[in-house]
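Next, two complexes with chain A in common: one pairs it with chain B, the other with chain C.
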Partner chain A sequence: MLKTVIPFGPQHPVLPEPLHLQLTVEDEVITEAIPALGFVHRGLEMLAHIRDFHQVTQVVERVCGICSMIHAMCYCQGIEAIMGIEVPPRATFLRTIWSELHRMHSHLLWLGLFADSFGFESLFMQLWKIREKVLDLNEATTGNRIIVSVNLIGGVRRDLAPEQISWILAELAEVEQDINRLGSTLLTDYTVKKRTVGKGVITKDKAFELGLAGPTLRASGVCQDMRMLGYAAFDELDFEPVVETEGDCHARSKVRFREVRQSIDLIRQALSRIAQSEIRTKVKGRPQGETVCRVEQPRGELFYYIKADGTKNLERLRIRTPTFANIPALLSILPGMWLSDVPVAVLSIDPCISCTER
Partner chain B sequence: MFKKLIQKARVKSPWLLHYDCSSCNGCDIEVLACLTPVYDIERFGIINVGNPMHADILLVTGTVNYRSRKVLLNLFNQMPDPKLVVAIGTCALSGGIFREAYNVIGGVDKVIAVDVYVTGCPAKPEAIIDGVTLGLNRFTQRKEGKKAHAR
Partner chain C sequence: MRDEVISVSPDNLVGAVAKLKVEGYRFVTLSCMQGDVNTVVILYHFDKDLVLKHLRVRVPADGPLPSITAVYFAAFLVENEIQDLFGLRFSGLAVDYERTLYLDGGEVKVTPFCKYTVAKIQGDEAKSLPASADRHSTGGS
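The block that comes next holds the complex of A and B.
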């Protein structure tokens, strides 16, 4: 049988982002997949040499629009560690709440796109309808739907009023009810299972060997979550990582579905234990030294390396994002799959290309 | 008469093509949010399509970089006339926060002619819908024989 080469992307209906895959196909079965990156590369890390280190908070928010708050939180935690700034306890709780809201909207977005990838359009619409409620929470508490820009070096910009807290709890109860209603379709429906169960299996050893991150790793049975490090206020909350053992596309969607519910639980805990204090401390001077900071993004481990030399610009800013770690997983599961399963497999690792290429 | 019918159909049911040049995803997911229940632009007869040859309106998000420039031109040239280009978000307008980065050419209008500019970082779904409807007015106003062009 002759080999055929099929380009997948950069402009593809399933992906909102430009990822290019060169697929070599025999009959309908894929034998080789070669990725081509660079369509979203902007050169963001170099902007740290031009901008003031306070302004870089806004720059790193634009690494990825979906989890912008978590990028800024990671950067601020890094600079705070270098400068030895004590963040007020209320600010750490607020950071936790907003980062979990971001995780919720990111996972709901992904679950919707995943349903769309196997053609279940009504499920996609329903999930995105729930997501709008989470975005309303973001908008009411921070002033913007997606890029919320609440982080500052030394704290956060905005506070929650007591009446907002009770409103958030009421909205979360509605969101939870809606999710539970859709959960049975998403996890047990015959057509959904037919398209996802047993597709793109990554075993535990293979996942460990490839160095995967986030839900993709946890779906293969490895218990690793950066929130276990206890950054922000996570050390004061009861937290148990979500782990599944099958390692296929269905397990990956199960992990993310359960993590949405876990995030609701974490926000409730944080709101009930939130401390009363200032929300920011004044920052004086300039950072000198280097540090490494890791947090859990919706897609996995986010890694920042920051080196500062005492001037107003940073000497080096290095960002390693979870999709960069998860692309090897994609390349290892694609050979042997049917061409029609490629969108499902590509989406199952939750690729965020703008994070990867910056 | 046939021309009038086509004209009417185009304004009543424009099809969209979305391309992410090198955006941060913020505007892209807002474009997708326009298609989903709360905003639901399908009630205006608008559908998101994957094939540039079926599309009337090109939505571009993000700054243009040296690699996505070629893809953008390719998509634009494949679209049939008359066509509209809507640039969404501050990055697509001017380069935004990334204008000094080394791999960024700048706004979308440095590569192709833009009809409507939608501001915001990220642009809100309401603003995107407003921009698209503004663009649709241009379909009715545009004179015969004047074609959109690539720079």
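The block that comes next holds the complex of A and C.
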């Protein structure tokens, strides 16, 4: 059988962002997949060297829209660690609440796109309808739907009023009800399972060896979640990572679906235990030293290496996003798959090219 | 940094990384930065049970540095990224994009993160310098 090379992307109906895969196929079966990047690279790590270290918060928020708040939180936590700044307890709870809202809307976005990848458009629309409620929560509490810009070094910019807290709880109850209504379709529907069960299997050992992160790692049975580190207010909440063991596309969707419900629970816990204090500490001086900061993005472990030399500009800001870590998974799962299953497999790692190409 | 940082030489790098793999460490990523004039520093980050360990390697900017993709295949992307952004070459890369991970071949003219550039030294002065000393710091590429 002659080998045929098929370009998948950078423009493809199933890809929300440009990623190119050079697929070698024999008949309809993939034998090799080579990724190509660089279509939207913006050089934000370089820009971070030019801007004042306070302004870098706005720069890193633009690494990725979907998880902008978590990028800023990670960066601020890193600088706060270098400078020895103690963040007021209320600010840590607020960061936790907004980061979980981000996880919810990111997972709902992905669940919708995943449904769309196997042609289930009504499910896609229902999931995005629920996501709108989460975006409304973002807008009402921060002033923006996606890039919320609430973090600053030393705390947060905005607080929650008591009447907002009761409104958030009421909205979350509705979101939970809507999610549960769609759960049986997403997890047990015959057509959905036919397209996802047993597809793109990554074993526990392989996932660990490939250095995967986030739901892609946890769906293969590895219990690793950066929230276990207890950053922000996670050390004061009851938290247990969501883990599945099958390692296929269906398991990856199950992890994300369960994590939406888990985020609702975490927000409720945070709102019930939120401390009364200031929301920001005044920052004096300039950072000097180096540190590594890790937090859990919706797609997995977000890694920041920060080096500062006491000037207003950073000496080095290195950002490793979870999608960058998860791309090797594609090289592992695509060979041996049918060409028709490629969109489902590619979507299953929740590729964020904006994150990957900082 | 609060985590353990171990300095290793380029010659001992692959062995040190292989030892960490045997000990059950997960590969996280590499961080590359400008060192002194004509050197770059690379930090190799590994994780075990949520605790990080780092290997620090100092290498001449014109390399090459041995690739660790034979031990951790997942390192191929970040090693290619460093080739693009810092100009450092890795020998034995499992998938080598030849500095075209982000750009097409003809577009590669400078390494944006490095503050050095190639300067030609002519005459007797050039003969007295070692082969790797033809790069002069200029404060910007």
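Please note the rule applied: the second predicted complex is superposed on the first by the 358 of 358 C-alpha atoms of A that agree within 3 Å, B and C clash if a C-alpha of one lies under 4 Å from a C-alpha of the other, contacts with A are read in each partner's own complex, and residues count from 1 in each chain.
Basically, contacts are C-beta pairs under 8 Å (C-beta built on N, C-alpha and C of every residue); 3 or more make two chains touch, one makes a residue touch a chain.
Being a predicted model, the structure only gives us computed values, none of them experimental.
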item	value
Chain B versus chain C as contact partner of A:146, first or second or both or neither	first
Which of chain B and chain C A:229 touches, first, second, both or neither	second
Partner chain(s) touched by A:183 [first = chain B, second = chain C, both, neither]	neither
Which superposed partner A:307 touches (first chain B, second chain C, both, neither)	second
First, second, both or neither for A:41, with chain B first and chain C second	both
First (chain B), second (chain C), both or neither touched by A:129	first
Shared contact residues on chain A - chain B and chain C	38, 41, 43, 46, 357
Residue ranges of chain A touching chain C (in the complex, touch as defined)	34, 36-38, 41, 43, 45-46, 208-211, 224, 226, 228-229, 290-292, 294, 301, 303, 305, 307, 315-316, 318, 320, 324-325, 327-328, 357
Touching residues on chain B, where the partner in the complex is chain A	18-20, 22-33, 36-38, 48-50, 52, 62-63, 65, 67-68, 71, 75, 96-98, 100-104, 121-122, 124
Chain B-facing residues of chain A, complex	10-13, 16-18, 38-44, 46-47, 50, 58-59, 62-66, 68, 109, 112, 124-126, 128-129, 131-132, 135, 145-147, 352, 354, 357
For the chain C and chain A complex, residues of the former touching the latter	1-3, 26-29, 31-34, 43, 45, 50, 52, 54, 72-74, 76-78, 95, 101-103, 112-113
